[in-house]
Amino acid sequence: MTWSPGTGRAGRMQRERYGYSPVADRTFAKFTFFKIDPAWRRRDDTERAADKREFLAACEDFGLDRSMRAYSTIGTRGDTDLVVLAQSPNLDDLHTFHVVLGQSGLAKWADTPYSYLSMTKRSPYSEEAARPEICVSERKYLFLYPMVKQRRWYGLPAEERGRIMRSHIEVGRRHPDVSINTSYSFGLDDQEFVVAFEGDDPGEFLDLVQELRPTESSAYTERETPIFTCVAMSVLKALDALDGTASVSTPAPVSAADGSPSAA
Amino acid sequence: MTWSPGTGRAGRMQRERYGYSPVADRTFAKFTFFKIDPAWRRRDDTERAADKREFLAACEDFGLDRSMRAYSTIGTRGDTDLVVLAQSPNLDDLHTFHVVLGQSGLAKWADTPYSYLSMTKRSPYSEEAARPEICVSERKYLFLYPMVKQRRWYGLPAEERGRIMRSHIEVGRRHPDVSINTSYSFGLDDQEFVVAFEGDDPGEFLDLVQELRPTESSAYTERETPIFTCVAMSVLKALDALDGTASVSTPAPVSAADGSPSAA
Amino acid sequence: MTWSPGTGRAGRMQRERYGYSPVADRTFAKFTFFKIDPAWRRRDDTERAADKREFLAACEDFGLDRSMRAYSTIGTRGDTDLVVLAQSPNLDDLHTFHVVLGQSGLAKWADTPYSYLSMTKRSPYSEEAARPEICVSERKYLFLYPMVKQRRWYGLPAEERGRIMRSHIEVGRRHPDVSINTSYSFGLDDQEFVVAFEGDDPGEFLDLVQELRPTESSAYTERETPIFTCVAMSVLKALDALDGTASVSTPAPVSAADGSPSAA
Amino acid sequence: MTWSPGTGRAGRMQRERYGYSPVADRTFAKFTFFKIDPAWRRRDDTERAADKREFLAACEDFGLDRSMRAYSTIGTRGDTDLVVLAQSPNLDDLHTFHVVLGQSGLAKWADTPYSYLSMTKRSPYSEEAARPEICVSERKYLFLYPMVKQRRWYGLPAEERGRIMRSHIEVGRRHPDVSINTSYSFGLDDQEFVVAFEGDDPGEFLDLVQELRPTESSAYTERETPIFTCVAMSVLKALDALDGTASVSTPAPVSAADGSPSAA
Amino acid sequence: MTWSPGTGRAGRMQRERYGYSPVADRTFAKFTFFKIDPAWRRRDDTERAADKREFLAACEDFGLDRSMRAYSTIGTRGDTDLVVLAQSPNLDDLHTFHVVLGQSGLAKWADTPYSYLSMTKRSPYSEEAARPEICVSERKYLFLYPMVKQRRWYGLPAEERGRIMRSHIEVGRRHPDVSINTSYSFGLDDQEFVVAFEGDDPGEFLDLVQELRPTESSAYTERETPIFTCVAMSVLKALDALDGTASVSTPAPVSAADGSPSAA
């Protein structure tokens, strides 16, 4: 696991745009999960293409100068199909984006079974500043879960918590190809943390999580489900996975973040 | 956190209207959460405008001489879109308001995934009277959750509970820009308390909640979810956020409580 | 709280009708909660009036010689609109009533999110006989919840349980304007008890429940939610609250139990 | 409670048909709960009659030489209307029966909110063989719940468990008019046991369950809800209760198991 | 129970195709549960036949050189009808398969109430390599559940866990006709393990699970529900069970894995 702050394009853009000092360089992260009504798939090709195009346009517009990522959970879970991760240092930005997204044709046929709002902040267990952007790697998968710790954890002395977390981090360091992204939801949403790992090998990640079970920190976990295995791809490809139909529009640069051709 | 009773317009109006003595100056607070059926967004513009207008009229009428606030949760949660907070010292008032609201076009396309009924009362940890109105600030966000304490809390001696709460309050005092509004639901609804914080900076509130975790009082919490981050705005703007379409009617004064122009 | 058995009209009628001895004078109580499909409100006035009329007729027929009460939860909860409390010493009576009710137009647009079946019986903590009818007062509100006690409660010696309950009852006695109605569901439904309080002042009831928290008996509660604040009214008025439209038919005497004119 | 194995007609038929030895004489029991879509009640009389007729035909066919029982929960619960109990020593039989039942008109408008699959087996606390059929009495009500015991129960020595169960059984013996039917679901379904009591007097059963609370065995219960009070009747009558409309077809002998005339 | 790795056809095909060494021979297993909308059964025969044919084609295509199994839960559970188990060493394969499957007519009328993603890996309690394929037997039933262990289990020394698991395995060895298939979900899905047993005799399996309750390992189980009893059959037969109508197309060889004629 690498614990270094993101250095991605969107983070740079935010810094340029808002002129934040490192301390103020926190960002909101909003994970929105969509489950498409099976009835949508009964609509005809033209309607579905238009529905997706409107959704894509909202994402592309947001992503012009802010961080926008998409993932598909088709084939990994049954209760959600598509994950959109939007980031901004400004919460009203996220409100406005979801207002626009909600007007897209696709949103009229979608439920939102899960949603996580969080912020980055400086970790008490590290010297590094708050990250201006999370989930910036080009790795193939995102492994994501909301986490709540047992209250007795917070009753431990700070040095004790530090000691326990360092041994936890040691295990992560054995797997340098897995990146960790921790953001914080205290008081903003139901969980305390949103934990997201990026990796190319689900088997390695599975082994890592199993290796973490005997660590002392693991005993302080109150809740860490649901766990989502998300396949990283451009918004366009994630939309095309919904109905198995390639969109014909040329993808905008931002939406082709995974570098692959956008449609088969 | 400021623990002083509200001094808002609606509170004054209630005192004038009902002639309550300070001791009797308790109010009911009803938080009603609406999730709009995605199918509503498929209705045409004229229909949606009429649906919203009827909903707005009900709110404006109630708000003529009682406290009426609105918040949007679009972009912060996935299971609710709109929060209406209606307050009155008279419970039948709230019944009647919701009867009227239920007849509005919008309510015919809405579910109510959450609802909290509570009352203000004098706190055992303060000298102040019960508040005649809550959530009276002009701050940008409301952070809201229902709370239940562990039963063993109530088995502690009163002085012990007072001591624990005072150290909890100390932490809050370090953040004077966050206002707290506590109301009580014992026997009236599923939770014991409805806790609502008003602030302009979600990051500061997140930090405050995380600072409270190691306090002694935190260990006595049984439940404090779901947690809602709500964006304060006029009823009209909160309605317009539902379909991203500005209403053309001139907003009534009461519904423009946030002082901003009501439509883009 | 008054712990005396009901002396209402329906109880008398049951005794006359079935000739029960005091010991056999138990009654079944069935609380049925209705949530109306928002789509019902889109039906036209004539259809809704007919739908309500059929529902009312079923209730009036049952109430001719049995106990029938109605309550509205509009404005107090979001997951239910209407509560019907039907009582009879004969369970088949309740089955038949709900068969008839299910055929009414309104039931074709309603879900039943909650339902509690219970019976009265002689309390082990009182000398009084089982009540032949519950919820007989003319008070304005009913505060209702299903209750389950922790299993360790039943492992205490009977005299210990008696001592604990007496101190619980002492607190209730300080509030003579609140009537308690306890019925029993062991083996018949998911809860052990259905507890219903009648009162005119929700603030007083809230204070009473909060006063009960430090009592010893409170520590033995396993579950006591959901908690319903119900506004007592005639069946006709509770139906008219569903669509905010006054029915034009003359109410039958039984349905106007609250003595108020039945429609605006 | 009587703990003797069933001696019913269907059990005899199974023995004759399959030639089982007493040891092999186990049966599968499948409890299927149906909740009818309120929209079904909006269909016209002819359609509903046909829908019910197809459902009835599937049940009658199964019941020709296997155990088939029906119960109504209208008036006792809100989340289910109809319970069908099908028994066979052959699991594929139950699969086939539910395939056929699923094609009936009624099933096209029904959800299955609960379902319990279990088998009979010889009790470790009795000398008796596994029962070839359960729920064979002509009593008026069935009281049914799935049960899971706490894991620490299974850690007790066998003789200790035997001692505890015997005192539990003693309480049951005081109520000879209540028959108990226990079947087992370990590894086949979510619960460990399906416990079903047959009786004519719900008040007596309520008292029995309350008497069992202080017994030692009661402290080892992990879960025993939901609890269903079911009104025993022929399949035909249980179907007619769904829409309050008597079917005009002559009932087949098997469906009139309760001996009463099949339609009003 | 047999704890030997699978030697099935699909495993062999994978080895030939991908040239994996034994250590790398892990596979992903995706269990997808379908519940068909009752409204689907109201569609006409031709439509339903086409809907099933498209679903079957997707499964057959996947199964050409990968492991594909189907099971029916009709008659054993109420919340799911059909289980598809797809296996591949490549997670993108599973994503693509579910994209295709989602476009089939049947998927447009289906919900996915349960879904489990897991991987095989070498057991710490055995010398054997990770299995390249699970659920390869021709036995009639699959008994399946997701499992989570208590965190204190992972705090035990490895040798202690080994000792406890060996005595657990001893009990399984008494039932050689039951095959166990354990796969791992740490970090990939909500459970830690997906445990699947194959057997011909549900009664024997029930007895085995009950025998395991007093073992030491059983006390460390946190969750092991829901439990699914699944009837093994070809995809074609499992589809035909959905509407009780035999498809007329000739089944492809892969889909007739159970060797029985594919339609009545």
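Read from first to last, the chains carry the letters A, B, C, D and E; within each, the first residue is number 1.
FYI, a residue touches a chain if its C-beta (ideal position, glycine included) is under 8 Å from a C-beta of that chain, and two chains touch if they have at least 3 such contacts.
No experiment lies behind these values; they were computed from the predicted model shown.
Taking subunit C out of the picture, touching still joins the other chains into one piece.
Two copies of one chain, subunit C and subunit D, touch each other, and the residues they use overlap weakly: the shared fraction of interface numbers falls below half. Between the two copies, subunit C and subunit E, the C-alpha superposition involves a rotation of 145 degrees in steps of 5. Inter-chain spacing, taken between the CA centroids of subunit B and subunit D, is 48 Å. Put simply, the C-alpha centre of subunit D and that of subunit E have 29 angstrom between them.
Residues of subunit B in contact with two or more other chains: none. In terms of which chains touch, the assembly is arranged as a closed ring, every chain touching its two neighbours and no others. Listing every chain once round the ring, from subunit C with subunit D next, yields C, D, E, A, B. Residues 38-39, 41-42, 72, 74-79, 141, 143, 197, 202-203, 205-210, 213-214, 218-219, 221, 225-227, 229, 231, 241-245 of subunit C touch subunit B in their complex. Chain contact summary for the complex, subunit D toward subunit E: residues 26, 28, 30, 32-33, 37, 91-92, 94-100, 102-103, 107-115, 117, 119, 121, 151-152, 154-155, 184-190.
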